[in-house]
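Next up is a structure, given as structure tokens.
First chain written, first letter: the chains are A, B, C and D, and each begins at residue 1.
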Amino acid sequence: MPKDINRYVLLIDCPDAKGLVSKISTALFEREVNIFSNREFVCPESWQFFMRTEFSGTTNHQELLNALQQILPEGANIRLAEKCKKRLVVLATKESHCIGDLLIRSTYDDLNATIEAVVANRVTLGPLVEKFKIPFHLVSSDNRDRLAHAMEMLNIIKTYNPDYLVLAKYMRVLPPEFVSEYKNRIVNIHHSFLPAFIGASPYKQAYQRGVKIIGATAHFVTDNLDEGPIIGQDVVPVNHRFTSAAMSRAGKDVEKTVLAKALDLVVNDRVFVNGNKTIVFD
Amino acid sequence: MPKDINRYVLLIDCPDAKGLVSKISTALFEREVNIFSNREFVCPESWQFFMRTEFSGTTNHQELLNALQQILPEGANIRLAEKCKKRLVVLATKESHCIGDLLIRSTYDDLNATIEAVVANRVTLGPLVEKFKIPFHLVSSDNRDRLAHAMEMLNIIKTYNPDYLVLAKYMRVLPPEFVSEYKNRIVNIHHSFLPAFIGASPYKQAYQRGVKIIGATAHFVTDNLDEGPIIGQDVVPVNHRFTSAAMSRAGKDVEKTVLAKALDLVVNDRVFVNGNKTIVFD
Amino acid sequence: MPKDINRYVLLIDCPDAKGLVSKISTALFEREVNIFSNREFVCPESWQFFMRTEFSGTTNHQELLNALQQILPEGANIRLAEKCKKRLVVLATKESHCIGDLLIRSTYDDLNATIEAVVANRVTLGPLVEKFKIPFHLVSSDNRDRLAHAMEMLNIIKTYNPDYLVLAKYMRVLPPEFVSEYKNRIVNIHHSFLPAFIGASPYKQAYQRGVKIIGATAHFVTDNLDEGPIIGQDVVPVNHRFTSAAMSRAGKDVEKTVLAKALDLVVNDRVFVNGNKTIVFD
Amino acid sequence: MPKDINRYVLLIDCPDAKGLVSKISTALFEREVNIFSNREFVCPESWQFFMRTEFSGTTNHQELLNALQQILPEGANIRLAEKCKKRLVVLATKESHCIGDLLIRSTYDDLNATIEAVVANRVTLGPLVEKFKIPFHLVSSDNRDRLAHAMEMLNIIKTYNPDYLVLAKYMRVLPPEFVSEYKNRIVNIHHSFLPAFIGASPYKQAYQRGVKIIGATAHFVTDNLDEGPIIGQDVVPVNHRFTSAAMSRAGKDVEKTVLAKALDLVVNDRVFVNGNKTIVFD
């Protein structure tokens, strides 16, 4: 893929109206930028219009934003971002497969993001993270009030000024006070094809139900456990020979792949949140 | 595949004990039959032993069964079946994709079974079924008590002496009095990857939840709606452009494929029921 | 999905130039039509621009086409089609699974097309086709010169004035004289994941190679056997227990699904041909 | 899964004969070992019999092997292995995704094997490997004769006494003199769904052909490039928006997953080689 130098992403969402594509694309054309790709969608329920445009070229950004504001309906959200690496803070507990995968990817440029720090409630992953010269913060959750623990993590996280938080098998529920600080910016990986097997021990639930497929779901975190907007999902076949432990083992590959793909979409500004759903311009 | 003439399937399940494979395979060896394939499984929860053996050759079946009865633990279930086409009765409502697929398959030898009759609670599918010269029975459910309706169907079904019943998008719940007549012999196709979206309108539920995969589940019918032993499942990817109707349309292909595959396993004696799960020797 | 009454598809392809989206969408906006969806793509090799727009509303079509012609670069291809059922003629030999599936779909409105006639070089499928009251033409290829045979079929086909031809497991190569009559309008299903196993007996080849996946490919027919633009592909897992015949059997489900999906895209004007590739706005 | 202490795998392959399962399972039963699982297969072409049995318990291994030798046809291959971690040497060039994945897995017990050393013909991966305290040997291939280069690697590899070699995107062809030293013990990952796109630059070939799926193949290395026995394969969907570079990027996830799954099967003694095919008891 070509270098992303001088490459921008314009993200617009607003109530639908006739002529939006015409007006927006004309505004860009008049400023002589070079459009690489355009994606639009109108939600047939909320009648919200979503558009993602990638372009290169030099233009006065503030002037472009002002012009778009004039053209678009009231309440329009307009973001214009230079394509660049996003800053991530990863939260984890003790499983290595998701965070290990992210460390390799970010180190070797397979992820358009940098991992600024890892915050964990167990010490287990410290040695792995430190191999990659990334700060590792242990904030033990033992004998701690949930809110106090979350707020201590939050204080550390804020010092890294992250664009997104990634829950790479972080096995505790985050309180609303924490979630509200990073609305639609916390990506979690859940080890089931939601909404099946919400809550604890999904592989055990899957084993007991005798399903023939297991899966994983990447979603934004909201105040309702396992009910945030889904970004991506995938599954693998299982059979009667799989114990709950074997399902858990097989599921790890899906978990890490689904999380990495979802994150790739998020950090490349390809995901809009539309109520409790996502729009993914992949 | 070779012709199934003089080909038999031996199905055994019993409490696990040391030496079962040795004893059973020696009993067969002594009778000089030719074993094609052997599959075994011991459930790590129930410690029940399951074995499926395909063989050809002439032997005195009653004598073999008696010998096995001597060898095996008390309570052993032993079935010895000649490989032959199973007899099906199909229940349907108005959707054509599953039943259409089964009609084509059974007519052109892509399914090791014959459709003896179709029973429906709507008239819609009559013309399709009759093209294939198969009896079509309309038992309208309008203004009928559930039990009375089911029993009327049951009376018709029994005259065909089916090995299995297939619910090919039959959209009503069957009462326990009906289900108990064909225990572990009624195969249903549910239009979601169970246990997600139990109950009515799963595609509408899927749309509202914003999932990125939809699926279908074939299972044996029990008294608990959508909770019987799962035989097979599969999924297809969807995205934000899919309305609930588009999901329903995309799901039809999975539904008919999952149902046909499950049925293929069932009519070829490849499925054991183990509590609320299945063991599938595919 | 909403009814397709008064719904149109505008298909444009032309050399890329700055401002195309702006100009086209403004032309539509000025005519006050209601755009449902817009898809664009610029090929990074050929620098050809492709756009598909679905809209509803009343406008003078000839006037719109003239206006677009003025706006667009020389050599632009512009098609404006009312969304309506396409007319198909199906060619087949003796396998029932693909044609059976298409007959069920077209009869029950699961395919936005009508099957006007079936032309076959064997008599096998006659009874199936006639169940659906569709003309069946046997043009035997026995002891016939390939060209003469194809031309006899062509004469019959032309009387039905089809939009597309579908090779639903038609097992003979069509001569260039035939293919040129329906350039980019003949859809074939090949029983392998092309370019693996080009030519005859792909399942036998797959068995001999010991692959762990088999597949199917829907493509437009060109003069080079199995090398036309690919519309869609899918695969299924196999293992060492699959004989060549078992692979063939498992492959049938993929073949019919891949063909139906590809056809659905084609008849809904979602497929552009770009050299030897396709652009699919699904 | 239970601990593998005192757990053994018995692998037998020999010409098929009546009574093999009976004789083998009786020999085990008489020695009072506890069988966990049994898998058998008879190749319908070569009429070779393959059996894999997992058992626990104490028995005199040499005595058991002698007894089996008496029972089985001449030319039988019998292996009895304690379940333990296999020793791997990994060969690589410069891509990080496969080797990074294997390093994480082996470090965190997600792979039943240890990486004893990495041998590379480029220096790129040195820093990654050394993070994990694993010996990294650079054997530059610049200006080197293929054979001399391979033999230098071989000398290093032999000092680690590996059970298997893994080519984790090692981008050079190995000469027969090297391959013959580790017959059926070298696992390669090829970045296409073989036999499609044999040879160099498969993603470029895939892009040019316009395929809608890409894939990866894990196989044992033989003297014929990309033609060794296939252990596992998988695919991912692509579309017209994928450049060759984007395909390569999407393919990496499949490559590393397919390689890891194949290796998991191999190091757990689940793969037999049968001519140019594999039998996988998964």
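Some notes on this structure:
The rule is short, and it goes like this: contacts are C-beta pairs under 8 Å (C-beta built on N, C-alpha and C of every residue); 3 or more make two chains touch, one makes a residue touch a chain.
All of these numbers come straight from a predicted model, not from anything done at the bench.
Distance between Cα centroids is largest for the pairing of chain C with D. Chain centres here are Cα averages; for chain A and chain B they lie 41 Å apart.
If each chain is reduced to the centroid of its CA atoms, chain B and chain D end up 37 Å from each other. Contacts with at least two other chains are made by residues 37, 41, 241, 243 of chain C. Taken as a contact graph, with one node per protein chain and an edge wherever two chains touch, the assembly is complete, since every chain touches every other chain. The part of chain D that touches chain C in the complex is made up of residues 41, 43-44, 193-197, 209-213, 215, 229-235, 239-241, 243, 274, 276-280. Touching chain C in their complex are the following residues of chain B: 1, 37, 96-97, 100-101, 104-105, 107-108, 110, 128, 131-132, 241, 243, 245-246, 249, 252-253, 257, 260-261. Against chain B, the residues of chain D that register as touching in their complex are 18-19, 21-23, 25-26, 28-29, 32, 34-38, 40-42, 237.
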